[in-house]
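Below are two complexes that have chain A in common, paired first with chain B and then with chain C.
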Partner chain A sequence: MSKSISLRGQMAAMSAPSVIFTVGMIAFPFFYTIWLSFQTMSATGTIRYTGAANYVRMVSDDQFWNGLTITAALYFLSLVMQLICGTALALLLFRAKKLPGIVRSLFISPFMMPPVVAGMMWLVILDPSLGAANYILTSFGLPPSEWLASPGFVVPTLALIDTWQWTPYVALIVLGGLQSLPPSVYEAAEIDGASKFKTLYRITLPLLLPTLVTAAVLRSVDLLRFFDLIYITTQGGPANASSTLNIYGFRTGFEFFQLGYASALMVTLSVIVFGAVLVLNRLRTAVAW
Partner chain B sequence: MTDLASNDRWFSRLNTLLLILAGIIVITPTAWMVLSSFKQSFEVTAYPPTLFFSPTLDNYRSLSDTTPFPQYALNSMIVTVGSTSLGLLLGAPAAFVASWTRITWPAVVTLVARMAPGTLFLLPWYLMFRQFDMIGSYWALILTHAVITMPIVIWVLLPFFDNIPRSVYEAAQVDGCSPFRIFYRIALPLVSSGLAVSAILAFVFSWNYFLFSLVLSNSDTKTLIAASFNFIGEGSTNWGGLMAAATLIALPPLILATIVQRWLISGLTLGAVKG
Partner chain C sequence: MPKSLQVSRTLAAALLLSTTLTAAAIAQDFNWKAHEGQTVTFLANNNPWATKVLEHKAEFEELTGITLKVDSYQEQQMRQRMMTVMNARSDEFDVFMTLPSREGAQFAAAGWYEDLKPHAEKDASPDYDYAGLSPALLEAATFDGELTGMPLNIEGPLLYYRTDLFEKCGIDAPAKLEDLTAISAKLKDCAPDVTPFATRGLKPALPYTFSAFLHNMGGSYMKDGKSNLCSAESKAAIGLYASLLKDFGPPGAVNYSFYQLTSLYREGKSAMSFQSSNEFSSIMEGDARLNDTAIVPLPEGAGGSHPTAIGWALAVSKFSSNPDAAWYFVQWASGPDMQAKLALEGIAPPRNSVAGDPAYQAWLAEKPVRQAWQKALGHLADAGTSEVGYPIIQNPESREYIGQAVNAVLLGTSTVDEACAAADEQLNTLIERE
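Let's turn to the complex of A and B:
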């Protein structure tokens, strides 16, 4: 009896520090932000309960809708490109069988470098007047682009940079999925005389679906709260053309110090992230085999 | 039959060719960054851009003269090592207990921190740390970065602990070993490779993290990543210096990632994918 108590006691003692830390640094701030989203801070710094006023304000706030649209555009554009390119790259890597360690290091380098460094590097490459990208375009007779400085093209440009950075990551996840497929299905397809493309569309890709959804979940979490790269390269500009919800919420809180409204924006964004994860997880169980 | 075989050969040649092309696309931007960091100031903004030039270390040398780069690097080190250690200290016993008792919901709660936008926590943290007059302190940065590192440690270590056969624990218990002793005398040594992987991943993610130190640091405690924002402002006239800074900042995570590449994907996906 006393032994089982001491067992439980020691278990509790070992997990206590992490539980205390989680409560203090994660759970408390989490609920505090939700509480704050129902308050308004006056100019004198006093906090006052205002009910759902912050959420009502959101509905008629053009900047909010702008942020939501940009978040969605950036999300879908990047996710689709990364899944397509990542799957293609994974199939190439899978066929190559043996991968020297140096090749693997090469492919992990984009997504292990800080997003901030990726931003610095692409700022220089995509500079409208002196950048290497425009030099390459013009030497092929194509018109130069303003890239990140163009309100119309900044979102696709950010999506391209993110795709460059994260395609190898998606590829390595999909590669893991490919390697875990039972070889017997391929052998059966080969015996039946199925062509390579037929095998790919009818057998490999359907079997890969759960892995693809897993990759989509992991990327969705990052893509919906897209921040670092934007803050480093454009800070949401030009003319708010890359002001995602996360950027808008951050600026509302830390540049305009509207803590209540910023909290409401952050809560909304979190609901979107958790909602996307839940929906995709449902999808994953639906396509599991 | 021979037709099929030659068809196959062409297929694998095309495969190799496409793979090389993909490799070139992946590496070119990074190579351009490194190359530019060795260019003279007049050459780095030359148009058309030059591929061949006489390399110089001037950009690296002048980093410490024109910016507090060494101070920022030291700050990054303090915050990263501090938050990685804290993450291990909190996360390793938590993962052990979760694996032993099969109670994983506390670990799932920490995933909230991994999924929610960092900005969600930042406002309350800001108010909290201001209350305790800790804005700009190393401790504020270490504590907030541990919110990144602890879930990584827990989720990377969980499968390692799960792999220890229960009979090992039972035998130790029969010998009168307390759970705490079992943890640090038996379980920890058995998961030493897991500890290394989780420490390295935690280090990389803490090092790379931008948002928290952007808000919670001051000019004395600013990390390299947060200082990058200033480098860009100054770098509009000095691309060579900017690229030298970028190269140096990217170096530690890239080297460490290479070491753990075997466990990288399962670690990054927090066990969702076996890579």
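Let's turn to the complex of A and C:
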């Protein structure tokens, strides 16, 4: 017994520095941001405690509500598209077992691309004057679009780009789920004469629900913090039509030097992310089989 | 001219005089190896100036014996890192690049700049030609009598236009700012495949180009301590700028910054492009525009000609643990020898002496468009103003509201009156907060 305690103690002592370091690296910035959100930092760098003033300001700040609305719109639009397209791609990859490796690699390659590179690439493609997208549209006699420069179309366009990039990631998760489904259920369905359509809707998709929710949790964290792609392509524009909460917080902090208010915005965003993850985790438990 | 600018101009002139006089006295004592064995860390903005200078890094290390560590980022990421380090009062870097017209007042008020005046007076190389530096740029980098950075280049928006299209359409070179509308209309009819006029529409980027419209039309950002965007002149400037882009600009102009402008003009898809002098070498890449382009400052308006002229500067951090060695890097990188080398790479020198250098003159003489570019830059140096956005500490945030006002008119979501009123309200709040 004493030997095992001693061994356990030694293991704890050896791993303690890395555990303390890791916890510190996560906890310190988070608590520092919370502390900063109760301060007001002037443009010249002086800090003073102002209680909940930053949170009060947020309630009456139109840009905050605009940011929240855009964050929500981008989140739901992207998530729905990525789950649908990701599931479809996973089913295709699952069934097409003889698909050459190179084709499989091509399918999943977009999410391996850094978002900054993807942003630059799509910026060029979607340029209303010089880009390939409008060239293709007009070649088919269709009217050109302003894409990222249109206040009404910028959010769907960003959602489309993000879907192009992250659908393969969702597909890989779903593919893992598909491969773990029990074959006996399918054998029973086949014996009962179920059609392929019914098998998909009555068996595959219900059994895949826990996997889909897992994918939704993983994508939710990224989608609610949507930043790099927007920063590269529109910087929150045109006007404020793509200014998500994260973009607004970044610009407030690092361009306008209001670190206190920016921290309050980021704490609020963190609460939203935690809330979304909690809700989705409960959903995952509810649909587990 | 605002009183503060007059005072700082006088101080800049005094600084020039004093440093010139003391330069001769210290010439004999100067030793490039005075800080041999020490290390200087440089926080760089990954722009053409830094890229070209750092190609000569080994020469600096050989000349001084100082080890130069470079921390290089894109512009906004550089500011982000700078803010983090400065707020922590850390000595992580000694030298950094700064844009005085944007953040100068703010960083100076925060006490982040080392005053370079004592260094310049006591420890400058005998070849460091202070008298040749642009007084306007020195003035722009002087806050409360402290010299916060040494000018590295001069830049500002210039009007690039296609001489072949102007000739084909029977249009004379633009003489007045107000002519741009009529010229654009003629171009639209005569050359329908080409965008008549292009300039910045991206909200945070457009104050750089819009400021020249505002000043040339007699407008101003502030009057009697209040925002002045709703004055008749300022409203006319907003109206003209937005209507030129809306009626004659490229589709999606609201997202246009330097990158799109350069591509569009270089590809021959725009007839006039009002954009940065810094883009000259990018525009001329591939030589497609070398023989059909003329370059002039923005034509004068009702208020005269007040082009925007700004420049990057090299500053020493107030928290540097080694400001003397850092100053050696600053004076090497901003000295006339280096600027003569950079001028041949298309980086406009902030010194008249360098602009008159025979090698540079020979480079200019090779192509008329280069001479036109240099002539336009000369006008910027002589008559330019560095006021881009509001002359307040919160200048970066003021640019946001200017951009919003122009964007609202451009997108048709507000009239000029509504847009300027909304901007004035936000800007007055910002001014009061200061």
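The definition used in the following text is that the second predicted complex is superposed on the first by the 268 of 289 C-alpha atoms of A that agree within 3 Å, B and C clash if a C-alpha of one lies under 4 Å from a C-alpha of the other, contacts with A are read in each partner's own complex, and residues count from 1 in each chain.
We take it that a contact is a pair of C-beta atoms (placed from the backbone, for glycine too) under 8 Å apart; a residue touches a chain by one contact, two chains touch by 3 or more.
These figures come from a predicted structure and were not determined experimentally.
Steric overlap between chain B and chain C is present once the structures are superposed on chain A.
In the superposition on chain A, A:F257 contacts chain C only, with no contact to chain B.
Once the two complexes are overlaid on the shared chain, A:L208 sits clear of chain B and of chain C alike.
In the superposition on chain A, contact of A:I230 is made with neither chain B nor chain C.
Of the two partner chains, neither chain B nor chain C is touched by A:I70. Of the two partner chains placed by superposition, chain B and chain C are both touched by A:L130.
Legend: residue contacts after superposition of the two complexes on their common chain; A:T44 is shown touching chain C, with no touch to chain B. In the superposed model, more residues of chain A are touched by B than by the other of chain B and chain C. Once chain A of one complex is fitted onto chain A of the other, the partner contacts of A:M58 are absent, as it touches neither chain B nor chain C.
In the superposition on chain A, contact of A:A159 is made with neither chain B nor chain C. Contacts of A:A239 after superposition on the shared chain: chain C is touched, whereas chain B is not. Only one of the stretches 4-12, 58-66, 76-84 or 202-210 belonging to chain C overlaps chain B in the superposed arrangement, and that stretch is 76-84.
Residues common to the contacts of chain A with chain B and with chain C across the two structures: 129-130, 254, 259. Those residues of chain C that touch chain A in the shared complex are 76, 79-80, 83, 86-87, 106, 109-112, 195, 201-204, 250-255, 260, 263-264, 267, 269, 393-394, 396-397, 400, 404, 407-408, 411, 413, 434.
By the touch criterion given at the top, residues 43-45, 127-130, 144, 146-151, 234-240, 251, 254-257, 259 of chain A touch chain C in their complex. Considering their complex, residues 6-7, 10-11, 13-15, 17-19, 21-22, 25-30, 32-33, 36, 89, 92-93, 95-96, 101, 103-110, 112-117, 119-125, 129-130, 132, 135, 139, 164, 167-169, 172-173, 175-177, 180, 196, 211, 214-215, 217-218, 221, 224-225, 227-228, 231-232, 246, 249-250, 253-254, 259, 262-263, 266-267, 269-270, 273-274, 277 of chain A touch chain B.
Partner chain A is touched in their complex by these residues of chain B: 11-12, 15-16, 18-19, 22-23, 25-27, 29-30, 32-33, 36, 45, 47-49, 89-91, 93-94, 96-98, 100-101, 106, 109-110, 112-128, 143-144, 146-147, 150, 154, 178-180, 183, 204, 207-208, 210-211, 214-215, 225, 228-229, 231-232, 235, 239, 242-243, 245-246, 249-250, 253-254, 257-258, 261, 264-266, 268-269, 272-275.
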